[in-house]
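Following: one structure in structure tokens, then a few remarks.
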Amino acid sequence: MRPGAGTTLLLVLRRELLLGFRRPDQVVQPLVFFLIVTTLFPLGLSVQLSLLREMAPGVLWVAALLSSLLSLEGLFKSDADDGTLEQLVLSGQGLYVIVVAKTLAHWLVSGAALLLVSPLVATALAIPWAAFPVMFLSLGLGTLTLSWLGAIGAGLTVSLKRGNVLLSLIVLPLAMPLLIFGAGATDRAIAGTNALGALYLLGALCVLTCTLAPFAAAAALKVTME
Amino acid sequence: MSSAAGLSVESVHVWRGDRHVLKGVSFELGVGELLQVSGPNGSGKTTLLRVLTGLLRPERGRVVWQGREIGAAPLDYQHALAYASHEPALKSDLTALENLRFLVGLKRRVSLDELHGALQRTGVGHCADLPARVLSAGQRRRVAMARVLAVQAPLWLLDEPYTNLDTAGSEVLSGLLGAHAAAGGSALVVAHHDLDVGHPVRRLGLM
Amino acid sequence: MWTWFYRLSSPPYVYRTAAACMPWLLGGAALAIAYGVVDGLAFAPPDYQQGDAFRIIYVHAPSAWLSLFAYMTMAVAGGIGLIWRIKMGHAVAAASAPIGASFTLAALVTGSLWGRPMWGTYWAWDPRLTSELILLFLYVGVMALRSAFDDPNRGDRAAALLAVVGMVNVPIIHFSVVWWNSLHQGATVAKLGKPEMPGSMLWPLLAMLFGFMLFYGAVLCIRLRGEVLNRERQSAWVREAIGS
């Protein structure tokens, strides 16, 4: 009896979450990086609250992007290193489902974790509480989209020895739209204006990426596994 | 032996960059047959295995399983095969049992008892709840063998499965190969020394 | 028609055809560009608002257009190589990438020079120039990915996949940058738009555009021949062609 897509999804999710819990430092380190990077901006620029509030969306988003990129490298790398990636490719389950499951699990331990820490950072950057819901939503959609985009980059660079810089080089230009929409939404929320337009655009981008990116990431894995 | 029920490799050529690694390899592997592939280092044994798994597409030639080209229905073919690569393919943070539960579970519904049974047969039943990183190389190899066993696939593709195994382990492996062939399965094994499994073994040498 | 397509996948055929096409493309390019430069610089009337500064459009707009066109070519050729496993597709993509990147650079430099009289500064995050900059990053990513692999086959295929993904993203990126720019209309940044174009201004522009396209074709032929030779260096026909 061949397991279906649902079973595969659950199996992979379970495995990824187990692995995440057994290596908590891999989960915590990017979060600490997120905190550190956001600290750099006030240190380097200014501590005036009004100025901080103005740059807050951009700082928040750049820091989130950079720390997500750090954890993206490990999406396929550890599996490639110990040979389990081949077994996944040959599991008979189709790479699309496996990529979807792995990326989702990766987002749960990185992007979602980022969401939990974001109130701290937001307070440090003088973002008013009224803007928090929009900030959460935009960060949630944005990190999810970034995980999908990053899966493509990770798939392309998994077999390279020093692939992490190249990964960032590949993923960041593709991630610029979501930075624009996400920071734009947060910006509008802080200013008190309607952020729905930006959120819709971000949502559309997320949906588009969620559906198409796994194909590209699966194809990337097949190419680099040859 | 009717090749329609087995594996048929027809004139496979593979280039790696400028090197002509596989030069028109052809052979047949029928039901209940064991084939040992040997050759000097760099002769393309691992490359051949990767072509047989479908990971690598040959520039020329084709691989046919049960009358169909493997590229035509890749997922079906993957379900019919169990591949053991050079590395044991275990996550070091998961226990042996958790590793098996995941890898075998992707291929077929399997109970924990069956997995325990497979681990017993390869002699590492006591390692079931130990994380893979504390196991020795030989034990990890045995867990990999348990995986191949538990998947219950008709075609086994094994890349140097005897690596790191002690005498007892080698005997267990040979026994498993013999039993697999006797039950009608096929296996292609890359090995440097001649196999002795109580079952006729054909040999293929790569230059 | 399919025989033509099939022939295009044969390296010796591509090598010879590129050699034959190149002089025509180069000659046509020279004529078109010569006409465009002379007519655009000397004879077209100065713009009402921008004076003579607008004339840089005769180099800037074709460069920008070609940077996009070259990317599309690279992505389509790479896609053909990826899907149908036609090696010449990868050769065209590899040959096209540096040319496209150069056009992007040219568009950025000329755009920046144009910005000086318009905005008083060399860079003001104009949406079109920002899109061009991101396009340059995309080019660099594709070229870097191709060269990062030891196995040239895998490098080609990975770069082709990235180029296709990038091509899907280019409209999204452009749209998002325009949207972003519309938010920050604080500074009165005039966009690098084309001024109202009467015929006397338009014809030289079209000629330059056409000439740049032909020029791209000519340079592509030259680079493509080099790529083909490099990729097929082991085969007999190359040794004959080189005569060693």
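Each chain gets a letter, A, B and C, in the order it is written, and its residues are counted from 1.
The rule is short, and it goes like this: a residue touches a chain if its C-beta (ideal position, glycine included) is under 8 Å from a C-beta of that chain, and two chains touch if they have at least 3 such contacts.
Bear in mind the structure is a predicted one, so any value in this text is a computation, not a measurement.
S.K.: Draw the chains as points, connect those that touch, then say whether the picture is a line, ring, star, complete or other.
M.R.: Graph shape, chains as nodes and touching pairs as edges: complete.
S.K.: Counting C-beta pairs in contact, does A-C beat B-C or the other way around?
M.R.: A-C is joined by more C-beta pairs in contact.
S.K.: Mind checking the centre-to-centre distance between chain A and chain B? Centres are C-alpha means, answer in whole Å.
M.R.: Between these chains, centre-to-centre, one finds 36 Å.
S.K.: Roughly how far is chain A from chain C, centre to centre by C-alpha average, rounded to an integer in Å?
M.R.: Distance between chain centres: 32 Å.
S.K.: As a quick test, compute the distance in whole Å between the mean CA positions of chain B and chain C.
M.R.: Chain centres of chain B and chain C, defined by C-alpha means, are spaced 49 Å apart.
S.K.: Mind pulling the chain C residues that touch 2 or more other chains?
M.R.: Answer for chain C, listing residues that touch two or more other chains: 151, 153.
S.K.: Out of chain A, which residues touch more than one other chain, so two or more?
M.R.: Touching at least two other chains: 226.
S.K.: Specify, in ascending order, the residues of chain B that touch 2 or more different other chains.
M.R.: 57
S.K.: Which residues of chain C touch chain A in the complex?
M.R.: Listed in rising order, the residues are 82, 134, 137-138, 140-141, 144-145, 148-149, 151, 153-154, 157-158, 161-162, 164-166, 168-169, 172-173, 175-177, 179-180, 183.
S.K.: What part of chain C is in contact with chain B in the complex they form?
M.R.: Checking each residue of chain C against chain B gives 85, 150-153, 234.
S.K.: Can you list the chain B residues touching chain C in their complex?
M.R.: 16-18, 57
S.K.: For chain A, which residues count as touching chain B in their complex?
M.R.: Against chain B, chain A makes touches at 1-3, 7-8, 11-12, 14-15, 18-19, 22-23, 78-79, 82-84, 86-94, 225-226.
S.K.: Per the contact definition, I'd like the list of chain B residues that touch chain A in the complex.
M.R.: 53-57, 75-76, 78-79, 81, 83, 85-94, 98, 102-103, 105-109
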